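This is the structure, below, for whatever I ask next.
Labels run A, B, C and D following the written order; every chain starts at residue 1.
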């Protein structure tokens, strides 16, 4: 295992310490890194809290700040955070208008956030994201995973919260954005959880995993390495077909790197994906390219497509100031 | 509570914690194959937290001790196993008598399993810890000996190998989940074996 | 070789096409990707042009836009661009106030930019960056390499150009920033040039290269993999010692990933480096953490320290809107 | 210009281009060891550009043909080798007579090498292409036979192996640059061998 770390046991706290120090102008840690919160709260605003296992940086802590999250709870690597983290975060950032939890659809995350909601005395609602089309949403699975589309939900709902939206309307908006969002991922390599010390799976030099999530789990199918165009063709087809009746609007195309994918390759994938969307007659209104929802040191990427209605487009463009996303201010 | 009860609780906790910590690597391996490779560390973290609090926990009556252990798991483990095992122990504590008969134990265990099913929106047959817990409860109810219960747990654990996961991360893999033992089934079986070991000593 | 590409021959053009499409709001390609230029020029402003081999993305094209570069010339992978690219770029973005070339100190870059300057009819000046302390600046080398510190020069000089600075003063400022900047890099893995198809060097699982540049070249020494703290200690010591008399001001600490380094590790390195600076009694005024000056798919990072005087601090904070850096607008 | 001259220029260009393109992989390997792994592709790109323009170039008198080839290298290669080989060919073209004698050639080659030194701020002894070009020029001046010049180039190329680089990317490696042949020395030697081959035929 080759990583820039001090010891397996301190990876998370060392990294969070660096993160909080590097962005001390906008955020601050709470309770021994139980959570990371926005430095300046906006009284009367619904508090947005997300969280999940670590190893997906900059998600979620890198999305804390003006126009997005009020707090993020980092769990252990690939392990959902615990209810006490969420309760502590809620207590710290709830200014009276209630708390909206944004939760990726993994049983661990959902159960822990559920327990926190049950224990909480304040008013709490949640949005569950489940944008991954690689997983069938059927009786025989736990349902689709929440992956990179979660960032889109957090951005748009975050902007609406900043504008003063109430808890119920934000929850509804979050569900609308989630419903308009689909993702799919491909991995070229596995990733290495520090505590395990070796890659999660072995994969040949000419193979890739189609339909991976963001936890180093194997994907749906192992296939021969294909060209960027072929990969984009399959992923965009899966995404577009999954929509059934297409929502209104042009789309946001979000090409997300998994942690070890150079910008050069991500932009190349953007080019391939954009051409595929065009073939399907879908127009791109906004673009985002970068490693935002990662899987430690995995090489590969995901494509996310969100149909933006007018309100969503406006909220996407609204000012945001977080460690990872910043514009308009 | 009696001095004996206190000692027994302590020995139970120590035995369960020891076996989990000892098998951290194996649990992680199993979870790497069809999950996300953290089950070993998760369980170890939980058990370490319980051990850190051992004096306080072991001093409590059995029901309170179980609830306290469950709370530690909920607050320290995270992931799927934290809420699930936490719920199991907390519900056990809620249902069990301070000095339980076998019937009491069977009843409480069954109730705790129901609580896990509710929390996990899951049931036996889906390649999870429930596929060990449910048959073990059955063997308990049917009057099986310590040895028979032990064997039922091992058989049930091995039987998860051929199942296709319908809950937990392994379900994302669909048919690729077949051929691997479920990590939660293994950790459940390990804990049950440890408990039987300790209770067997005293019997 | 595992890369998201279509073919070795089209990597560069495919990737540039995606890049220009994804950021079409702020930039546009020129002459069959001879250069990438700012969409809206500011008449009367000195034009800032940089360039260099590709494979360092987002440098330089990702730094084109308001408050930074007016154009960037992407060469082939790890190969300096050619004079005709630079001439075409200068012609496109010179609005009459002259052109400042920002050139990393590699013989290839310097010679090609020199030839372009000689061929150009306009008024052209250049700043050569050479921040890499791993290379001795002696008679027996070609002098220090320009590495991640180049971004700092481009940001600060870019802001001054936006404010209306003239060619001579911008050149002087660029040289001042370069003089206040030092970097050093470490690689955990090699990188793979697509045309070569295999890693540039073999390296053991427990080894690292100290003092690498950004072209996949081996570093100064191959040593056993060390902890993040130890690596930071050596790099910060090399940087601090190299300054001799320390410039005035607090510093910018810039932790730069080489392309395959996850954010988690970069922030962890930030933590280690910040603690080292503290030991040397140096205060951090600004921070930047991310993969900005990369070496294809190399794992590792560089540390850059710039002493910011008051003017430099103000210009660092000035608004910037490029693909890779954005704040204040 | 004469039909024969046109044919000779064409054959020279084709031979030089062919040997470089054929050795692309080797040049890249050499550059991977102590540089940045692009010398093969760089030279191939330049040669391909020259071949694309072959009809126009070969139709020119020798001096103009050389200048045109040099310009192609400057505009298509990039890196260090683009300006350096570009300068070499352009300066050769500037200095050479349309139908050069051996003396003319020696003079022009020496002048072109000087131009390379100025462009590269470099000299022989620094583990670069100059360590082949300079001894070859020397052999030419000393009246060496085609075979002797060929051998001088090979010997000079091999001699770069033990040198420590003081120019070019390899200089960043300091003592680690020792033990590898310089890629530019190899490409120079390849081109010289090709030229000798073609001129030898006609001789």
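One rule holds in what follows: a contact is a pair of C-beta atoms (placed from the backbone, for glycine too) under 8 Å apart; a residue touches a chain by one contact, two chains touch by 3 or more.
Computed from a prediction, not measured in an experiment: that's the story for all the values here.
Enquirer: Taking each chain's centre as the mean position of its Cα atoms, how many Å separate chain A from chain C?
Expert: From the centre of chain A to the centre of chain C is 29 Å.
Enquirer: Compute the distance, rounded to whole Å, between the mean C-alpha positions of chain A and chain B.
Expert: 32
Enquirer: In whole angstrom, how far does the Cα centroid of chain A sit from the Cα centroid of chain D?
Expert: Distance between chain centres, rounded to whole Å: 54 Å.
Enquirer: Would you please write down the residue numbers of chain B that are in contact with two or more other chains?
Expert: Not one residue in chain B touches at least two other chains.
Enquirer: Draw the chains as dots and join the ones that touch; what shape do you get: line, ring, star, complete or other?
Expert: Graph shape, chains as nodes and touching pairs as edges: a line.
Enquirer: Pairs of chains that touch, anyone?
Expert: A-B, A-C, C-D
Enquirer: Enumerate the contact residues on chain A facing chain B in the complex.
Expert: Answer in residue numbers: 53, 75-84, 106-108, 111-112, 114-115, 134-136, 139-142, 145, 193, 195-196, 200-201, 213, 215-218, 220.
Enquirer: Using the touch definition from the top, list the residues of chain C that touch chain A in their complex.
Expert: So the residues of chain C in touch with chain A come to 1-7, 11, 14-19, 21-23, 54-55, 57-58, 62, 188-189, 205, 208, 225, 227-229, 231, 255, 259-272, 274, 287, 289, 291, 294, 296-297, 299-301, 326-329.
Enquirer: Quick check on the complex: what are the chain D residues that touch chain C?
Expert: 28, 32, 34-38, 40-42, 45, 74-84, 119-120, 164, 166-169, 171-174, 176
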